[in-house]
Amino acid sequence: MKNILFKGVIAYPITPFNSSEKVDVPLFKKLVERLVISGSHAIAPLGSTGVLPYLTDEEKEAITEATIQQVAGRVPTLIGVSNLTTERTIYHAQFAEKSGATAVMIIPMSYWKLTDDEIVKHYDAVASKISIPIMAYNNPATSGVDMSPALLKRLLEIPNVTMIKESTGDVQRMHTLRKELGEDVAFYNGSNPLALAAFAAGANGWCTAAPNLIPELNIALYHAVQKNDFVKAQQLFYDQLDLLKFIVAKGLPRAVKAGLNLLGEDGGHLRSPLKPLTDMESQELKQILTQLNEKSKADYQLI
Amino acid sequence: MKNILFKGVIAYPITPFNSSEKVDVPLFKKLVERLVISGSHAIAPLGSTGVLPYLTDEEKEAITEATIQQVAGRVPTLIGVSNLTTERTIYHAQFAEKSGATAVMIIPMSYWKLTDDEIVKHYDAVASKISIPIMAYNNPATSGVDMSPALLKRLLEIPNVTMIKESTGDVQRMHTLRKELGEDVAFYNGSNPLALAAFAAGANGWCTAAPNLIPELNIALYHAVQKNDFVKAQQLFYDQLDLLKFIVAKGLPRAVKAGLNLLGEDGGHLRSPLKPLTDMESQELKQILTQLNEKSKADYQLI
Amino acid sequence: MKNILFKGVIAYPITPFNSSEKVDVPLFKKLVERLVISGSHAIAPLGSTGVLPYLTDEEKEAITEATIQQVAGRVPTLIGVSNLTTERTIYHAQFAEKSGATAVMIIPMSYWKLTDDEIVKHYDAVASKISIPIMAYNNPATSGVDMSPALLKRLLEIPNVTMIKESTGDVQRMHTLRKELGEDVAFYNGSNPLALAAFAAGANGWCTAAPNLIPELNIALYHAVQKNDFVKAQQLFYDQLDLLKFIVAKGLPRAVKAGLNLLGEDGGHLRSPLKPLTDMESQELKQILTQLNEKSKADYQLI
Amino acid sequence: MKNILFKGVIAYPITPFNSSEKVDVPLFKKLVERLVISGSHAIAPLGSTGVLPYLTDEEKEAITEATIQQVAGRVPTLIGVSNLTTERTIYHAQFAEKSGATAVMIIPMSYWKLTDDEIVKHYDAVASKISIPIMAYNNPATSGVDMSPALLKRLLEIPNVTMIKESTGDVQRMHTLRKELGEDVAFYNGSNPLALAAFAAGANGWCTAAPNLIPELNIALYHAVQKNDFVKAQQLFYDQLDLLKFIVAKGLPRAVKAGLNLLGEDGGHLRSPLKPLTDMESQELKQILTQLNEKSKADYQLI
């Protein structure tokens, strides 16, 4: 099997801003620390949750360095280095490697829908310039391009492209990946509402922003799967489903920031045009968190 | 909990025709017998697999009676009685009850997209004329109307609408149903490629034409789920996935007929405009069945 | 050019029922007469508007004969003879021919999605049994199958398949048809909200239920197009657009029946599960008709 | 009526790069000059065609200045200033105004789907910092968010948001806009294959990259519309449709560069990950241009 660097719950921190909408690095480190001590199995900054596309080059570098410093080798790190141009993607991938990242994640961002050949050349150009592994990420909703199983197969021929993250939201796609790519390929689920179905389908890990709010539940779900106890996994999944659906529906950065506030934590500010949840939305989130808390006070104290 | 009449593998027989495209009742009975002795947990004629909409009133009655006679109480029967008009749906539902059916299945067939109120009135009109239970079936691909969880909730307020069959092909819909309808409502999966994900989501049963070809595998999957052994369930699911996807992709009546022939059984003829699989398609099916056979000669002998 | 039998406004009557939900043939004839004297260029019963799929064989025959009798050669007739099975389609096509229909319209109704070959064989089987022309009709929303331009090209090789009706609702499809099928093929628009765009794209006619309510406006639009006066056509189109969108959104039989009542005409009853417009929907329709009336009292008096 | 600054054919230049993938400003100016002297009615750099999202801040400024210098007031200019963050959008809008732009175009780029309120605040923040007009641009395929007619109505309440560009590719959306926004609002079509249908629907102008290759045809189509000669417009539209569909299907920057080369012009290089058309694609484009040339040597000489 290709070397499996990540498994379990791969946690995505938000990128917090101060009141002038500048990146707040000290707060970011604090949020990363929460994720590590909650038991997350890996830390993945600069994803959608981390509003990667809204950051300048300098900000991306600061977040990369802050992550690696703060994690300090306790768990592996997976740095998002996606960029519209190949040149900038190479630049940030090299920066991540030099800074000590375990691996990088790359989604083929595209304004103009890229052809399969353009995508292969893009990954190939980046891969040839670094020696750490690459997780190829398919999420047509944000990248604008849906990488077919056949294309992912081509990408996996590049030596250091070793992992696939799949976020189409359709579990049948995961079944196809597993069948077409073979059991040896590590694949990861990036769709929160599919957490249970993806583990049932054989996913090696779950890429999620939920541990910012309910790490105990996320990790408990993974442990139930590990123990082949799907009755327990099903119950844990349904317990957390409302929260998972809420954060996806409202946008992860907005929802996580609001949730942190409800938990008594500092979630910082958002960068415009993103705006905080409305009062009604916050109220809905509070209710979900309160219900979770009441339902299982013994197992996980949330709010 | 509302009374659960069906669980496990609910098998859908095809309706075979003779060379003049007339319904072949003796052959139909033989095919039903195969399903019963293979261990299927219920028999459901006159569904999509049974080409219900291509049959005359008389033919539907003949199939209904033949099923109940042949099954002879060994397992429950679920008779499809859907029709575009309310009047004909009542007629066939009453016929099924009088003939001794355990329950009826009704999809809101619609040429003109029905409003929620029209659908509720349709089910209500039928339900008030029979006393056996009704399974409400959602499959927008064939009915042309997608019943929302909110609408299904309304239907469940009708006393003898007690079961839901869901075939949108999206496992997230099942999660929503389970959350919105409550754990007490019996829900059934009608999407073959979602067999594993649906059981993981808590489905009570699997409505499928696959037992016409691979009953051992279908039933083994259900048993693994029953034993909370998802490692085994996952393996069994991936073993049969190619077959499940094939029969869905090619159309259940066409694919089952061809599969029966490959297994050395008489599958009868199709009614036009449906035509047999092409040679290339049959070849592909043969390969899938052969691989299944080779892979696990010990567990299930197929072809 | 293949012989163009129809052009202009091809009017679709509803099939009215009496209070026992039986077909009301005398009222149907009255409604057909209104369409003919209003200036419609052809009469097309037994389409979606005429709830073809909700009728028995005997009812279809009665409607066919009533149409031809009532029209009495004043304009051409286009009889819908579509059926799920090939055998029944042939039966009704032959009945229409024998009764004196100018042509028949056939949509490949499909419960099971038909392959291209199955569709070709279906049309071929019917065409070989009649000598009047066939209009092939593409409307994936009701038939469940989208016939590609390539498939339509194959159908046009059958000698008496001479016309295409297109109702995907996408004007780009019409452009493709015109380019791929050639200028000589008569094509017809079946999407009311595309009336203007379709004429701009070169459609020979407009298949519509709107003349049941606003024949003057429909015909005036066609005349403006004929005179190459698109400034006038545009104005007439926007004048009637709200009505066109309303009848499509609410379902043609329901909306036309309600509109007839608002105009002081008898629209008969609907057959269940179809139900009348709600009061709020009727109110909205009344407002649309009233506005039309006020806007151009001189040109067209409606309500 | 709100002041109409643009009408007719609004031409979008590509942004050419040199062999090191740096912006080639002299070549850009030459390409702008071609557009102006061909008779285009306005010049709109830094759109999708101009690969706006692939450029640095400095490159965007250079292109803005080069455009205004080269056009030198002969026709109005419409500068694309869209950016993911509100802060950068304001920055570039102010730069465009200071440089002498006639107006700016803004699409609500969004990685995270923006709420209606976020979008209104975004436009409002930019509009309050400039005094030239804004064209609000709806193109869900590239922005990831579909602005409803109701939202566009809200945007038009901002004093200097005065124009709407619509690129969903659905002519029915344009009809709705025209009805809901009123005849006084200037709206523009951004979908090449809808050029004819959009003019029929009343569009004030056509935003297109096609004049880089076939300006005579694009402008002739607009003139036919102006003269209310839709027979001519229809013929001109079908003449150029293959070219319009090709450049959209292959991506405007790639297709325009290849087309320029086929016309004997320097189209510069692309920036990675974008790659030139394959040989087969170029061959197809050559054929389309050659056919256009042969068909009407008298009217427009192309290749």
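Order of writing sets the chain letters: A, B, C and D. Residues in each chain are counted from 1.
Simple rule for what comes next: a residue touches a chain if its C-beta (ideal position, glycine included) is under 8 Å from a C-beta of that chain, and two chains touch if they have at least 3 such contacts.
Computed from a predicted model, the values in this text were never measured in an experiment.
Asker: Cα centroid separation between chain A and chain B, in whole Å?
Answerer: 38
Asker: How many Å are there between the centre of chain A and the centre of chain C, using C-alpha atoms for each centre?
Answerer: 52
Asker: How many angstrom between the C-alpha centroids of chain D and chain A?
Answerer: 35
Asker: Would you give the residues of chain B that are in contact with at least 2 other chains, written as numbers and ranges?
Answerer: As it turns out, chain B has no residue touching two or more other chains.
Asker: Edges wherever two chains touch, nodes for the chains themselves; is that graph a line, a ring, a star, complete, or other here?
Answerer: ring
Asker: What is the complete set of touching chain pairs?
Answerer: Contacting pairs: A-B, A-D, B-C, C-D.
Asker: Going by the contact rule at the top, pick out the chain C residues touching chain B in the complex.
Answerer: 21, 48, 51-54, 84-87, 108, 110-115, 117-119, 121-122, 125, 141-142, 144, 251-254, 271-275, 278
Asker: Quick check: in the complex, which residue numbers of chain D touch chain C?
Answerer: Residue list for chain D touching chain C: 169-172, 175, 178-179, 193-194, 196-197, 200-202, 225, 228-231, 233-234, 238, 241-242.
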